[in-house]
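Below are structures written as structure tokens.
Next come two complexes built around subunit A: one with subunit B, the other with subunit C.
Moving on to the complex of A and B:
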């Protein structure tokens, strides 16, 4: 690691001020599981590390109007185990339980996972499928950014250098909804995904048609992607094996994977097709 | 910078370099060599310690991040000559060969049994699965964890 100064601000305003004043020379860290690794490998060489871990009031999950308010510093492991999340936002708990191993999940935070902007991880697709909104504090006050507009590219998000993500708001799915997160890895389940899929569907109680479908594909593009064509294929229709297969093919065409150590483009398209089918079947079953 | 933390139950203060990891500081500043470094990427689990009772990888956390917190290393498990029940279970069930992964396995087991005193085989595998034993002694590690669950339960009765 290269040398750096370290500061642990005790208010969001102080953190914002430090990040703004030091610009690109500063690195904000939360749990540090991703960032300290990059510091160790000297891929990041900041002059100042701003540890957000001591900011008060940003840890925990509370019910808020029509959904959950999740503090950015809530450990991923806490999301996985939280009774409220497991009850109303099961998809999120399921995705959280699939992030790396238990040691990483205890230290890594929800906000850190979102702000790191890594394409190969599990929480962002689930949060996007659930239509979450990020609240970001800056020197001019707070702004809300829907996750659909938050992820800009690999390791690139709408959070500016002088800003701090404070919490995520995640609406409660309407009755008749079911969600499912599936992940495929090379080797052990702790590995980063070759691809993953979060699906949230709503089944109309009287017609049995799919009133809403949000399939999100992860690790097969620079950002987690809504499978728009697949979603449109399914919306308003009663699900059948043929329709699910057709949607999965559309999703694999929409996917934009790159070749890396986890597989070729050809391979990842085939994996994503199978994952979309699995996630859909599982989500529809849970909705019924 | 001045680091103050509770280390194996005792309050400790030490002047540390802000860019050193918790693993570096435990081994080099506190001379606690039980915590091992191997992959230095948070993958293998050799450096597992407990932060406020929960297992984390000491190689991907800055020591500075533990300011005011409580850390338990393998040195904090035994009381003098009396081994912790989890340590006893590993000894009695040959749950170690070369021993390099053992501190991490022990601490992970302590945390698992704290969360879930009667884990199923699948729950044990899921919880410990991220920690790698390069001797591949997994069968006896699993046996040791099952025996540890029984010993811990007995000790708490």
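Moving on to the complex of A and C:
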């Protein structure tokens, strides 16, 4: 670790001011489960660490209009265990429960998980499948960014250096919806995923057709990816084994994995196909 | 207390500058800016080492090929170039960045094939063998070539009805002990003191004394796991040299990434050619293997050589030829890894045996039963085998798993099940060089308790419990009456090291010898004091009493007082020597004991993802006598668990530039609770007459059979026989698709 100054601001405005003033020399940390490792390895060398952990009002889940408002500092473990999330936003709780190990989930925050922009993690695909919006505070006020526009590349997001993510708004799925998050790891399920898939589907009560489908693939591209062709294949159709298999093949073709220690391009596409099938079957069953 | 918890008055902290290249000549090192940084005590480079005429800059017991810090060139990524000593670790890290090293990059050899290729660049231009058995091949990277033969291999193949040949490979992995490597050194005018988490304090002491020309004391606190990674030193001489230069105690603690760059299990390739009769009788086996010892052969060449003895397995084979090459590469140095290459040999010969069984239409278990060694057989080394019972072990694991539920019958959601077995034989180091005997002391002390002094290192495997049980039993007092003193070269008698399943046999025997002698002394002294014949005396926790109801007794405190305050007995365990066969031919005893065992695995394979779940493992070994049955079972379970990782997913990966890619445990998966199978462990207790109370060494036995059993189980499930580990999901799925299984 290199030497740095440390400050724990007590208001969002103060945090924003510090981050803006110090620019690239400042590092914002929340749970620290990813950033502290990088500090230890000297891969990050900030002059100032701005610890967001003391900001008031950014922790917890509350119902807000047609959805949930999740404070950025809410621990991932709290999302996993929250009764409201588990009820109306089950997909999110399920994804949260699959992030690393319980010790990491106790420390890591929802906002940190999103702002770190790591492709191999579980919450971003689920938030994207659920059509979440990020609210980011800056010196000029707050702005809302749909998650579809939030992730720009590996470890790169729409949050500017002088901004702080304050909360995420996640709409409540319409009746008849079901979601499922699945991941595949080598070795322990606590390991980083070879690939993961979040699927949210809405089944029309009268026609049994899929009124809406949002399949998101993780770890097979620089950002979590909506499987557009697979989603289009399914929308408006009544699900069958053949159709699910076809959608899974399309998704695996859309995926854009790179070869790394967790697998070759060929293998990751195969895993995406399996995961899309599993997530779809599970989500459709839950929708029914 | 573990090493990282220890603090010494005036202690400074060291950090290591490591080579970014796998192979390069060092043109220049400029550490002046680092030395000028406030808080830096000193910087150790080749200049300081070479300027000190009292230091031999090279160390190694087998090959003297490891410099304290790189002198002419660096030979692996992470090789030690310089050491900064500072008031704190952060300052030392800051100073590392201020050292300017100019490298002249050289071509590198990152695997066995590249290193053995004609015209390959040499990792060491000059060989420096120490051990007499080493046979380097000049002008190559082969630092040791050796063979072991029995019978006439060509004749054997002529007698065979069928000949099978297969090649196998296993990559480098790391031991991943929970406690990382570390060392504290203090160099006084008259003595070097080292606190380190090494497994072999006495050989280390000798080597430090030789290198620094000064008496040394090595103290080993509790060690958080070793598995062989700490059986040979890499850091101690570095920290001693740094402490000498600093003039104060210095501590070095490695990170996980540095540990991966310090000692690894070597990669291995082998080719097995086996001749069998149509009824399954094995008549000939030619086993060729090459071990990637890495950049320095600290013990790699000897480890490879030792496994010649077991490369053909626990089978009666009349015609045998084993050939071994130990090869330098530009990977980190290799260390023994629980079981050594016995594990990879077993993987090769046991999976080939299942192929033979399949192709000859024989049952794999019956094929093994037909060929397994039995009591009184002569091993390929010439050793007469006793306390074998290999067949009993195989029968045990087979019955533990119960009736076979075959393949598709239990399949659901695209998974298939299968079952596989393996058998093995493990040796121990014989003779235990450089110290031939293992010694122990048992002392009655002035407080009436008994102190047992052993050189063995406690790294969680239960040696203290073992020594206490044997010592108490030998003296004839309850286990509560003993205390243990271990692994401080100034306070305990010497031992070769806590490796190779040695401790219970060697240290146990030495404690038994000492305890028996002390008991005799106690009885003799009590006999004088009580004026009674020894045969009428009995020992208890309190002292020695006259049998019967007289109530006459003398306490241990009084016996100690009578003998001047304490009473010490020394014990020894000598190993080695020769075995003479009926014709009068002499063979050096290749192993003081041989351990036999068997493992059965039941696995579930996903056709969708290739993922393997190991559902159940049955393990059995002939342990001779389980000194502590629960700990002995745990040794077998621990061994199995240890080798699940390299069987399923562990492997170290280097990129094209020779840089390690798997630098953290995020990229190097380890077994977790999720990986755990259901265990069925059986201890067979057929006493071995040379062992303490009949006990045999068993520490490495659980793991060595695991990769073979899993590969065979996958073969049973899918019909695809893999020739490599780890069986990652991708490897398995690719294998299934390639064969259309």
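Criterion: the second predicted complex is superposed on the first by the 288 of 288 C-alpha atoms of A that agree within 3 Å, B and C clash if a C-alpha of one lies under 4 Å from a C-alpha of the other, contacts with A are read in each partner's own complex, and residues count from 1 in each chain.
Everything below uses one rule, namely that a residue touches a chain if its C-beta (ideal position, glycine included) is under 8 Å from a C-beta of that chain, and two chains touch if they have at least 3 such contacts.
Given the structure is predicted, the values throughout are model-derived calculations rather than measurements.
Contact with both subunit B and subunit C is seen for A:2 once the two complexes are overlaid on the shared chain. In the superposition on chain A, A:32 makes contact with subunit B only, while subunit C stays out of contact range. In the superposed model, A:114 makes contact with neither subunit B nor subunit C.
Contacts of A:187 after superposition: subunit C is touched, whereas subunit B is not reached.
Legend: residue contacts after superposition of the two complexes on their common chain; A:263 is shown touching subunit C, with no touch to subunit B. In the superposed model, A:271 makes contact with subunit C only, not with subunit B.
Contacts of A:77 after superposition on the shared chain: subunit B is touched, whereas subunit C is not.
Among subunit B and subunit C, the chain that touches a larger number of residues in subunit A is B. Of the two partner chains placed around the shared chain by superposition, neither subunit B nor subunit C is touched by A:16. In the superposition on chain A, A:216 makes contact with neither subunit B nor subunit C.
In the superposition on chain A, the residues of subunit A contacted by subunit B and by subunit C overlap at 1-3, 37, 188-190. Across the complex, subunit C meets subunit A through its residues 90, 93-94, 608-609, 611, 645, 648-649, 653, 661-662, 664, 666-667, 669-675, 728-730, 733-734. Within the complex formed with subunit C, the subunit A residues making contact are 1-3, 37, 42, 184-192, 194, 261, 263-264, 267, 270-271, 274. Interface residues of subunit B facing subunit A in the complex, by the touch rule stated above, are 1, 17-21, 40-43, 45, 48, 51, 54-57, 59-62, 64-65, 67, 108, 127, 129-131. Partner subunit B is touched in their complex by these residues of subunit A: 1-6, 8, 29, 31-33, 36-37, 39-40, 49, 51, 53-54, 77, 100-104, 106-107, 188-190.
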